[in-house]
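Structures follow.
Presented sequentially are two complexes of chain A, the first with chain B as partner and the second with chain C.
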Partner chain A sequence: MATSEPYILFELVGTPYAVPSSVVQRMEMIEHVTPVPNAPSYVDGLVFSRGRVVPAVNLRRRFGFSAAEYDAKTRLIVVTHEQRTVGLIVDSAREFMTIPVDAIQPPPEGLAGTSGNYLSGIARVADRVILILDVAEVLNHGGGQFPTGEDPKA
Partner chain B sequence: MATNDQGDLDDLFSDYLVECDEHLTGARSLLLSLESNPGGARREQLDGLFRNFHTLKGLSGIAGVPGAEHVAHHLEEYLGEIRKGAAQLTAAGVNVLVDGIKALEAVIAAHRDHQPQPEIATLTARVKSLLSARTESAGKPPGAVHESQATDRGMAGVPPDKLEAIRVALREGLHAWRVTFVPSATRAERGLTIGSVRERLRAAGEIIVAEPIVIPGAGITFAFLVTSGNADFPAEFTGDGFTVTPYLLPDTVPVPEPVASTMALAPKNVVRVDLARLDDLMRTVGELVISRARLDDALERVARSLSPAEWRELEETNQTVERQLRDLREGVMRVRLVSVRDVFTRMRFVVRDLVRETGEEIDLHLTGEDTEIDKFVVERLADPLLHLVRNAISHGLESAAERVANGKPARGRMDLRATAAGGAVVIEVEDDGRGIDPERVFARARANGLVPPGGWSDPSAVLDLVCSPGFSTRDTIDRVSGRGVGMDVVRRAVEELGGTLDMRTRPGRGTRFIARLPLTLAIADALIVAVGSQTYAAPQTAVREVVMVEPGAITALENNELLRHHGGVLPLLRLNDLFSAPRPAGSFVALVVGEGSQTVALAADRVLGLREIVVRQLTDPLVQVPGLAGATELGDGRAILILDAVGLIRYARTRNRSL
Partner chain C sequence: MATESADVGRLREETEGVTVAADELARIAGQVLSGTKAQAEELEGATSTANESAAALTETARQAAAVAGSMEELASSINEMAASIEQVNSNTVQFNVGLTETAAAIEETAASIQAVTSKTQEMATSAIEVRGAVVEVAASIKGVSEDTTSLATAVEESATAVEEMARSIQGVAKNADELTTAAENAASAINQMASSTEQMAATAEGLSTEVEGVATGIEQVARSAAVVAQSADKITDAANGAASSATQLDRSIHAVAGLAKQADETTRRVARDAEEGGAAVQKSIQGLGRVRDSMTQSASLIKEMGKRAGEIGGIVSTINMIAERTNLLSLNASIEAARAGEAGRGFAVVAEEIRNLANRAAQATADVASIVRGLQEAVQEVVAASNEGAKVAHESSQLAESGMAGLKKILGGLQDTSQVVGQIARASDEQLRAGQHVVEAIGTTAAQSRQVATASAEQTKAAQGIAQSTGQMRKIARQVAQAMGEQGRAARDIIKSGQTTRTLAQHVRNATGEQAAGASQITQALTSMRRGAANTAQAVAEQSKAADGVAQEADRMARLIGDVAKAMNEQSVASNQVAKALGDMRRQSGQVSQAIAEQNRATKDMTSAADHISKQMALITRANREHTIAAESILKSLSEIRGVTERNNQSMQESRRSIDGLRERTETLVAIAGRLGRVNPPPRPRRGGKQ
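Presenting the complex of A and B:
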């Protein structure tokens, strides 16, 4: 029985998040991002990564935070989900962690903020609270445009 | 993920599909060539057909498709009888074989799609009835077949000068006979030897040809062609091992040479390659192109620190590499090219079937079947072509009576053309039918609540409406409007391949659909243009002209801008506005794209150069934006967007209407 799973930890606006390492292809420094006119506002553009053209989603914008300038710590996490390959731009990423399955709880009902929609669970590991990213929901095009019941200004 | 075993099975089955396709196509083209003259089937044509069905039977057995094995077995059996000379290939037989091919296709497709097997009993019953008809008509005793075989052989290969002698004799009122004599020991005892027979024949007439025939297991026979004025000639040579039949000159009209036979039967030096492997190869070539561009940039940078001699040497090597890389790229692309012949042949079949259904008479003319296009494109071309051909027959072409009443030839004409034009291939489907009446199309669109994206006065409105998804649903109205279902599918398929669909029609005179497709999809030459701080690539095949524009050359018309160009005006679409970039201050460039009424000028800041680009599709929904066809990289690790002329033109027209 699988009792724990490896995760990649990253940080966004001072909060630690985790993404299952099984969906992560690689992590890269941000170099050139080519803006794509008329794409959704949370898509910073395209990056050329290992011979492929990959759309880059700014997770800050996706979660409704204000965007930050890229710096030396900014990372691109390239994830694959249902045959799509997409890069996620995060503030920083460096840790690798195995999280026991029983440490993860479902996200509480009525979690405040837009980012609540993009979580598949919340983990408590040694006094740290880590938010588990729901990759499918993050990549869901237009998912944020439909009323989902949350109060954006709560 | 599939397990390895499953993967192997899948591979095997896709191989099976490919091979079936090959043999079905081969059989089809042979049958087409035989259709007009089934009796004149040549040995190698029958052999070819037999081989096709025999192989299909074997393959289907291995692949575990018993229905297909069964059908192929019956068809093979029928052809086997024909090859043995025990049956004649008749028009009915050709029909059964054609339907057999269709049944095989249906059975194989059903198996592939995990659908229940279609009914095949009717077909196999028809084959069986062909075979039993054969045994009834062949009521002759076995010996008769044997003898006729002998005489047939005697007939073969009469030299032309001898034939001419017979012809002269016939013209003089003489008769020509074929005489065979089978010698035997008892006949020799009675003085009937080949020598005495010869004497007797000479007495009765003139021997034109004398030829011994050796039949394995049956000894020797002599065959003569004799001309004689004696009408009772046969009476003088009865019994005693003689057979006399009137000799008929072979038909002087040559049997029409089947067009496709050499194509299908000539042994080919062909290696079959999985398309995925070619894709890999192409990708590697694409990466080489990028690496070379990177090398180019690096050379520019180090140029100053090198001695002129060193620099020249490097530069020469670099240019050689460029040339070789271009050759390599073209070589790989050529491997991927296949002729459109198979697809066109398929259309011949479609026409043949529809003609039979509708009873209309249509002459189909194919031109440019040898035109080559990327395998990927060819595979996706069959469906749109099928729609166009079907529509032309069922909606475009009138009945014979109607045609005659309108002063046209009773037989409709349809043309299927393929031509290569630079980096593009143009495929045309034209009929000389009733054409498309714009007023009727408009009336129907209004009734359906459809509005053309470019407005009613837009010259492309008719094509746009005909290609709208909800345009045609009911047959009666389709007939009136001249075009039927599926045009939206046709246009989408062509555009997904990076092509354009155009239409010319003249009411009462006919309709021509013109699909312009890129020769290949992976690598293209492109103009690199600057728009604000960004760089874009415009495929060169789409750009007809680049013009420098002074701000004064633009006329503003309400919210539209028009560019004076070659004595006319073109709508100007500013990429700067579209991509939210500041407009250039002074003069700028405009790329003229699109054809005919769809021509548009795209304004950009300036042209940076012409480069070879590796096209990468933008498949992710997050970056599927109208006006962009894909992305590429020029060697500096930066992605560059590729402009989609068709999408931009459509966008421009929609926008103009809404303003």
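Presenting the complex of A and C:
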């Protein structure tokens, strides 16, 4: 394991989160979301991303926050895990940071209720507390059936 | 022959008695003649005086007519005056008191004028009567004087004839029948003469009555003159009172004029101030308009600026978008570079720098955006403030407009007030002039009153002089009547003597010798008669002079009456002027309520006084006409007196004829006696006959 890993930092409801850039395919602005009937509530719909169809998960809803309007800062983070590609709709995503491993601590068990097991750790960088997102849990937990995307190119 | 001498002696005695009687007759005739001559001259003087009085009456009538005309004009002027009284503004109390006093003084003056004029009328009447009677008396006296002269001439002739008779009587002796006849004729002639003498006595009585009437008239005149003098004094007092009232009036009018001038100046000053205020308001209105315009301009400029700011905002958001996309791009590049591992390190650096650049751009645009927002907010505030300011300027302008309208109204009101005050000032000036006229007219009235007083005093004196002269005339007339009476008595004596003579004629035959003496005595008696006739003429001349004196006095009195009437006229004119001047003053007196009421009252009094005066003038005219009629009747009386005098004249002529007859008879007697006396020369007793 490397001493530090690059992360994409994004904000959700004023809280900074991070997701390893290795799982991120790309980032985009929200252009147009096509709603899908009978989809789970945290799924806003489908988006087109570089010619491929990707489901868009409203992370605010996924974490139990109320949904917000899209604005110029809203980003779509396209992540892949085990051949499943999902787009995560976040409030904003502007930073690319390399976080040392020893800065990350494991998440405390007391947080299981609110965010579930979505956090893989908590990082402390320059007086900032950043929540490391566990993408696998986000994609898997919830049990909702949603269509999977193609594997991203390696 | 002795018997004849006794008869002749008796005849002579009787003849002597006749001579005495003839002497008596001559003396009485002389008195008559003196009296009648004086009367004649006095009558002549009185007649000319009466003519002059008649002329003066005509003049008075003409003047009275002129006064009546002036009265009419005065009445209409007073009407105009009453109609325009309401316009004067003045110092009320003093002005009205002065006017009332002046009007009362004028009333008094007018009443005094009227009293004096009526007294003047009476005086004129009496003077005319006097003058007329005096004229008649003078005429009759003149006639008598002529007759007396004729009588004197006849007496002369008689004396001459009797001398002749005396000369011839020496050689005459005729028969007694002729004597008797002659005596009888003489007796009848003496009868005639006696009757004519009685007639003369009667007419002389009538003349005396006429003279009495004249004297009474003169006394009336003297009384009237005294009353006029009293009235003249009263008029002088009234005029003095009016003069002092007029002076007060003048003072109060001066005060009014001064106040009116002050009010006029004050009004003008206030008007000027109002105009200046109006100009200032106008300027402020204009300034507010300019403010509003500039505010509107500013607002539109600000809006323009706001629009530009909006455009800047649009550009800034575009730039912001570009910065976001650049950031995204850089993130993607970093992701790919990380995936490439070592090979992508350089690429990751580039991506990092791009990201920094994009972040810096985003920050800059955020700053710009906040500035633009601030700018837009400021613009909003400015627009709101300028809108507010424009509203305030509009409201101020409206207030200024209404202020301007108010000032214009004030100015209009001030102009009206100034006009009225100017009228009042002009009216006060005219009142001043009219008041001065009043003062002058009253001064003239006072001077004329004093003249009238002086003239009245002189009149009184003249009337008294005339009364004296008339008294003398009265005395003379009485003397004449007395003389006539005595003449009658003497005639009766002569008749008696004549009768006795007739009786004794029988016995004369023998007494002719003594007739010469008797004839010479008759001659003497006739000489005495001649002398007596001359004295008669002289006495008549004196009476005539006395009548002249009376006529002169009557003349003077009539002249003085004329002066008084003229003075009355002038006084009336002066009263008219005063009244007219009062009218002028009233026409210009204005808006003081008390002054108007009192002035109205005084005007009414003056109107009624003017009417009164007009009526009095009409009365004067009528009285004048009556006086003229009276003068005519007096002239008629004079002519009657003249007739009386003529009758006197006739009587005198008859007397002369009788005396002629007497002379003839005496001649005859003497002739007969002479014839008889040639035998017996008679003694020659002398008797101092009465002259």
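The rule is short, and it goes like this: the second predicted complex is superposed on the first by the 137 of 154 C-alpha atoms of A that agree within 3 Å, B and C clash if a C-alpha of one lies under 4 Å from a C-alpha of the other, contacts with A are read in each partner's own complex, and residues count from 1 in each chain.
Here is the rule we use: contacts are C-beta pairs under 8 Å (C-beta built on N, C-alpha and C of every residue); 3 or more make two chains touch, one makes a residue touch a chain.
Predicted, not measured: the structure shown is a model, and the values here were computed from it.
Superposition of the two structures on chain A leaves chain B and chain C fitting side by side, clash-free. When the two structures are aligned on the shared chain, A:G121 is found in touch with neither chain B nor chain C.
Using the contact criterion defined above for the overlaid structures, shared-chain residue A:P6 touches chain C, although it does not reach chain B.
By the document's definition of touching, neither partner reaches A:P16: not chain B, not chain C.
Touch criterion met: A:F48 reaches chain B, while chain C stays clear of it. Residue contacts after overlaying the shared chain place A:T34 against chain B, while chain C stays out of touching range. Between chain B and chain C, B touches the greater number of residues of chain A.
Taking every C-alpha atom of chain B against every C-alpha atom of chain C, the smallest gap after superposition is 14 Å. On the chain A side of its complex with chain B, the touching residues are 31-32, 34-40, 43, 45-48, 51-53, 55, 57, 84-86, 139, 141. The residues of chain A lying in touch with chain C in their complex are 6, 8, 21-22, 24-29, 72-73, 75, 93-94, 96. The touching residues of chain B, counted against chain A in their complex, run 283, 287, 534, 578-580, 616, 618, 620-623, 625-628, 630-633, 636-641. Those residues of chain C that touch chain A in the shared complex are 320-321, 324-325, 327-328, 330-332, 334-335, 338-339, 351-352, 355, 359.
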